[in-house]
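First chain A sits with chain B, and in the next complex the same chain sits with chain C.
And then the complex of A and B:
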């Protein structure tokens, strides 16, 4: 031990001395070039020996910058190979009825780290480049191996718009949805970490994620399973006495409002911070003025078992559907006002004059620039990435009959490419010009991919405040049997009766029984105030069939303090999640439901106190009087009353004065 | 008639027993059942501790004297007299003293280093503190031996140099609030090192090897006191609003604090450690900065184009004069002076060195003193927390005081005595003892904080007395009225009956008179 601290101090002092030498020599190195005597300086000027000097960072090409030399050239060098694992891509895709889907995708990777190392060891350092520090610290402290967060709002019109972006795997149900894979020794420990994770995320994203508690948390068994990768998810384990496992937890806050305060933290997580690259387009006013929008974050841990190192991958996506004519009109007149007479498009086949006009549907020719939609152009490429920022417009192949056209606009000139994908490579302002002579005709790369494999809708049935029903309709428009997992998490105050589950089907599915359709069921009953109902079943829907599955439930009464301030608004029930396994991989969510429960009179507790007390007071009074008072005849009582008390007093006063 | 008297007595007894059971049984029972549990905390003891923080502390540090050429059999006694005299002449808020002992080979242990004074015969008189151990060397010449100045000289060296930190800190109030620069002591501190580039051009730095070379020794040195966790990060498009200072030629701390925006750099929220310090290396934005760079960065050395600023209780900002070129790479030669500067500033931020004296001449002795002073200030912090707890419980009469709080307070108080025993014992004074005292004092602080921040108390979800009465009034009101009025009536009954009787008698007498 004695040698330990001494060596440390020596080292410390030596370093100080060495540093002193280094700085001193730095000053003179440019003039005398005396690098033989001082090996620590070789890297600064001698380009031949450069690889020896900076091997720790594997930099191959270090050269002295001639242009921007200044005095500090010897301490700040130029290395053209500095690139970081960050990618961004914007996909613009026209949808029917003059809608436009804009998908922003950002990918980033963390620096590698060795799991299980004590951070407080004196030679242990963590480094962050493009991966957000906030996320990594959170994942580390809660042993989270995978994190998925969704902020979605709006209705995706599948029948008109087709498939969800990213096959539905990157958008949640309306509201906030969170699921994570957490490593822990027991389920309780996993839940504690989950709670910490939710609270941290709540702070980070200014969202009410902290309202996630045990009565909203489920442990899915078939849905939300991590994609099986070659190496699988790592268990860092710690010591061997701890038998750590991975736990998948999920919770959702139905219809939670999503707003700018959720988007801004997301932008801050990106290395470009919304200042350059495609993220410079993202602005709360435009994103949340859309028909449908979804923000998502997915973080996964990847480990290399040979080198015993791990790293985190993060995908952040912002998807939105914009109605183009509406947005353009809004740019012109921020406050909506009626279309002027001159701009009215009237149906000339019907009677029209100065007073009446049957409007035509929206014009199907469109031409706009992306900057008009988002309010600003793309401010250059991101410069730190190994790949330039990319913008693609999905309008099918460029051929003569294509009614669509997409061009890149830089410094007033327009450029086009064959595949309508543009690489943004420098700091200029970029804009994308898109025009179409017929917006109803949208070219796509492959027709098969576009079909929505399944439509699902869910609704509440019944009336009254004590019971209700849940009806889910599955419609398979395809020619294949669809195999899917249906996941539902219902609050404990919806007491579901699984025995009442029934199947209704259309003519194509006549004769089908519930057991033919549902192959396996995982059901966890609710515990009042503690656990939600968790229902997952695998369902097979034959080709071209429409099925409805109904179930009855009772509405429970909540405890006095459990009612929200706006109890009469009703209770939001989160979306059901349908994950299609065969023949394609796809995920859809139903819309949320609004369940009205009987709400009590909130002055009730005090009334109860008063009534109870009154009854007790009455009983006590009668008992007391029975025990203590004397029983007399009415005559006796009258006599006594005539001599004492108020009556006798009045009689006596009368006698005196009259 | 006799029967009616006996029933009337019985009724009175019943009414009386009702009122008795109401007052003696009902009310106390109601009070008892509706009162919250309040653990009996040792309020008086804690108050006395608060009034006289260090009433039972007398810090004793053993020092061993090791002569070289001449052997002085009684030098330790002589030095002891001189040291006592010197210490007596000083103001001592917290009593402390040195125990001068002859060098004893048996006590010395590599793992448990003690303070040693080496006497070395030389041709001049002077002293030297070792860099790498807790040894002080006093040089003396024959003249000083002859004139018997040596004991005084040793005593002076010890009190005014080796234990200078104790001498200065223990003479006044032991509080770190008087200095607005330092952060409060905490055993775990997170350090965030950020490279901020005003532009979005890629930038690399040799941070890992720089930290390992220049910062790891520093962490090791301070490891007995503080455990650091360190991270580094690169941030783009953030120059902390440096462009506001473009035309400023001379910068003051006020200018800097008015224009620099550090809000995005607070990593305290993300990490478990409750204290975080930062180092930010900032490069201005190339678009907003002028070609001559930031005017206020005036460096004496031509190679150094940066200046570091200490931000009180936050950390250090290193501002560079020029923006970074594209694809810049910061080498270890650039980072090492910054690391060195940062390490020095950290000493200031952690109150390890006086803000005035930049040099740490004998870091080992300093750190040893720092351990003792931190232990003492932890003791003070703990008693203050306990006193706040007592004040809290006193001011909220209806607040529950759970038994957990009591357990923690008892534990804390016994731990405090244990620490004081370590500090007071003149025979104990090695590294291990001070380390143990420090770690126990950290436990003490956290115990006291756990006691104070108990969920059931801090939430303050208790009802005031009036609320309780209001809720129970609908029950207690009718019961009281019935019982009390019933009792009064039955007591008045005799009077009334007597009155009636009297009236009857009078009537009868009148009738008799009339008849007569």
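And then the complex of A and C:
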């Protein structure tokens, strides 16, 4: 909330900068722009010509303007094998209650580079193709080996929708979440790099990531670990005197609003710039008008130890859950209005009259085109890699009883495939037609895949503004014992008392003790203004059991300037992250919490300073007088008073003159 | 013999009442430990218990912002195996303080009341009783202050010096009481000896803490640093908290220094002015610290008020005893209500509680000023009370 205006301003500036970059530096987009604005360029559909145009642009990008090079470029264009490491895929999956999950995935790789090479030297150059230059520069300057950024908003209804896309590893908690693996000589150095990284990302993505500071940063020890299957992350090191290590840092901003400002920069990072391929569907108005949406970016470094070269891998994902009838209704009437009488769906089995009736449940037959959902069709394939853009509709196998149907619509004709996956090969406008006669039946390839291994919900307990409790409920619906790591990072003004941690369980888990379920705890206490509470524990939840872990905390009183402008709104507490290790890996985040702190009277600073000082002065003055002054009888005092002071002066004057 | 019996009854009664209340109302401890009047981040049992928990689980106790209790206290409590023993310990300590107060009374030449009454006042003082039941760690500081006072009267300067050093180790500000205490020691040699011994004890305690805390000095900033710099802004009955909540950032360090100086400012003047009535100077200094300390509780003021029977010879000189006691009573009774209105119901704001903390401070201050006046008046009459003389100060 605090960061709103700053983010907006930064976004505005950044959009201008990005626009400038897009037109000036990377010509790929402008070439595709040309395709869009000038549809008569039929030739460009040809693969050779496409390669031609892109390659020439890339050579310009490296700024080689030698004529000999120009001649060489003609040779290059003939080469048919050039392809850029870029892949994109759209997965559409119906969810219960007429919801639809649309999952956009983009993968790209950078050119190889030799680690530890000083790129600032004049004879060095870097060649960029599909991998965004901005990201690579940022990773290089901050020695970041892995970068993970999440923008998520909304509530994933696990009980109805099932598992999160990508098993939850590509979606964050509500707000912004960032974690990175940074190579540095010490933790302090790593933190400095992290600050730089956060500030750069803040500029790039128009978000308030620059508010990440030490009081929000944790160093996870069990969660967020890089996957063990990877060959291990490289340490570039430099010289041997430096004892570099890899540091994992993580922070989250729960109250960050996610909007178009964040999507636009993401699209600008793609080689297609949202102008062709599946990314042409992504429009801020539609993405953020959804029930749940998540943008994610993951960059990892891969090194070939034989050739001593490395390259970056970047995955960008945009996932969203759309309520189809709602979106279709918005298309018809952008401004909501009451349903006309003729369109009301009344339940005539219940009492009704001409003014009111009980509504029927939503219709369970549905037919729509993807262009109706996103406002525009897919503008051709991505035109940049030899892998065509792919669209898959996950509606199970095509058999007679399947109530779902998915067809590709191109140039007015419809096509179907066996697996409901479509490769978009050329530059036509594509659309997907999806229909169902019974949306309650959702075909799946396998039922097992859809089981959610664990439900986690977290809530605040207590009523006062000076203390409260945290209660996390774990429900294991499966027949296996679940082993998971619970990660929680709480702001310093929640003073957690770990000694109050208690376990409550349902009948199935009766007799369990805290030590039976929590096997290991990593706990770092908060330091005021400097460090958050960092709690991680491994928990084992027996099959079919529901457990609740409670913990008490005190709420601190802040100094009046530390409160945000809307102090009584409360403070957003970031989601807890549960990473399931066994029986399969999965990640869930709880919803965020709203913590209300007691507030001082914000209009009082001067009054308080004045009143307290007065009381102190009063106390000091009276005691000082008592200790310092001499004790005399009233008569003596009168006598002394008559000899000194104004009164005596007047009497003496009177005596003299009268 | 009869008097002795009465004294032992009082001490036993003191222990008995505390045990009885603790055992009969087991949830009372928890309730009182949450009340701002009886617990502060520096003295609350909840925070002490967290320290014990962290210590037992081998987590750095002072590398964070939750535990502010001295190292040895946390260590000592981690050695106590059961809850009942803790209750017993607290009751027993309060009994000892009551006993010591009785013993101190015996050294007063002009005391007009029987000794056991002082003990009974302490035993029945609801502020002390509830503070004891809340398991506030302030009781340990109080114990060592009263021991220091008793032993200095007995002339045992070794124990006196050690006790005041321990009290200072437990919560910094009692160190200031060394000044009126030195005034009570007769010869200069003994004064120097007391000073040296207490410094030495203090050093030893710190070194012991350093060892117990795994060879780390971080406990210094977590305990004393936080106390002196008022690091934890929590509402309490003192004058500090709201002032620093509302203070502008740039001036906070300056005013923290000023408040500390203010706390120190009256210790020497009180000692000097009443150097002949050194015991009373000591008690007035306790009162001044209770009034001005950053994290006061009702346990502190209850302890101070327990010394008031010592002033029985000068009761006749008090100018406004009714006004002072009503002011204090007003503050004590309304503070939980106003706090509840602010924090739980939301129908009042922070100014309610702030106002009541001011009333409480004024009540304590008026008691202090009145006692000072009465002592001065007594001094003027030189032991022959003449209540009819009208005196004034110039």
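Note that in this section the second predicted complex is superposed on the first by the 524 of 658 C-alpha atoms of A that agree within 3 Å, B and C clash if a C-alpha of one lies under 4 Å from a C-alpha of the other, contacts with A are read in each partner's own complex, and residues count from 1 in each chain.
Heads up, the rule we're going with is that a residue touches a chain if its C-beta (ideal position, glycine included) is under 8 Å from a C-beta of that chain, and two chains touch if they have at least 3 such contacts.
Computed from a predicted model, the values in this text were never measured in an experiment.
In the superposition on chain A, A:225 makes contact with neither chain B nor chain C. Look at A:464: by the touch rule set out above, it reaches chain C but stays clear of chain B. When the shared chain is aligned, chain C comes close enough to touch A:604, but chain B does not. After overlaying the two complexes on the shared chain, residue contacts for A:616 are found with chain B and with chain C alike. After overlaying the two complexes on the shared chain, residue contacts for A:268 are found with chain B alone; chain C is out of touch. When the two complexes are overlaid on their common chain A, residue A:492 makes contact with chain C while staying clear of chain B. In the superposed model, A:625 makes contact with both chain B and chain C. In the superposition on chain A, contact of A:561 is made with chain C only, not with chain B. More residues of chain A are in touch with B than with the other of chain B and chain C. With both structures placed on the common chain, the touch criterion links A:633 to chain C but leaves chain B unconnected. In the three-chain superposition model, chain A touches both chain B and chain C at residues 609, 612, 616, 618, 620, 624-625, 627, 629-630, 640.
Within the complex formed with chain A, the chain C residues making contact are 34, 36, 41, 46-47, 49-50, 52-54, 57, 59-60, 63-66, 231-235, 239, 241-249, 252, 262, 265-266, 269-270, 273, 291, 342-344, 346, 349-351, 354, 358, 361-362, 365, 368-369, 372-373, 376-377, 379-380, 389-394.
Put simply, chain A touches chain B in their complex at residues 1-2, 5-6, 8-13, 15-16, 19, 22-23, 26-27, 40-41, 43-44, 54, 56-57, 59, 62, 65, 67-68, 70-72, 74-84, 119-120, 122-130, 133-134, 137-138, 141, 200, 203, 268, 271-273, 275-276, 380, 382-384, 609-610, 612-614, 616-618, 620-621, 624-625, 627-630, 639-640, 643-644.
Looking at the complex, you find that chain B touches chain A at residues 7-8, 11, 14-15, 18, 110-111, 113, 131-133, 188, 192, 200-204, 206-209, 211-214, 216-221, 223, 227-234, 236-238, 264, 267, 269-272, 301-305, 322, 324-331, 333-334, 336-337, 340, 363-364, 471, 474-475, 477-479, 482-483, 486, 490, 493, 496, 499-500, 503.
Those residues of chain A that touch chain C in the shared complex are 463-467, 492, 495-500, 521, 523-528, 531, 554, 556-561, 598-601, 604-605, 608-609, 611-612, 615-616, 618-620, 622-627, 629-634, 637, 640-641.
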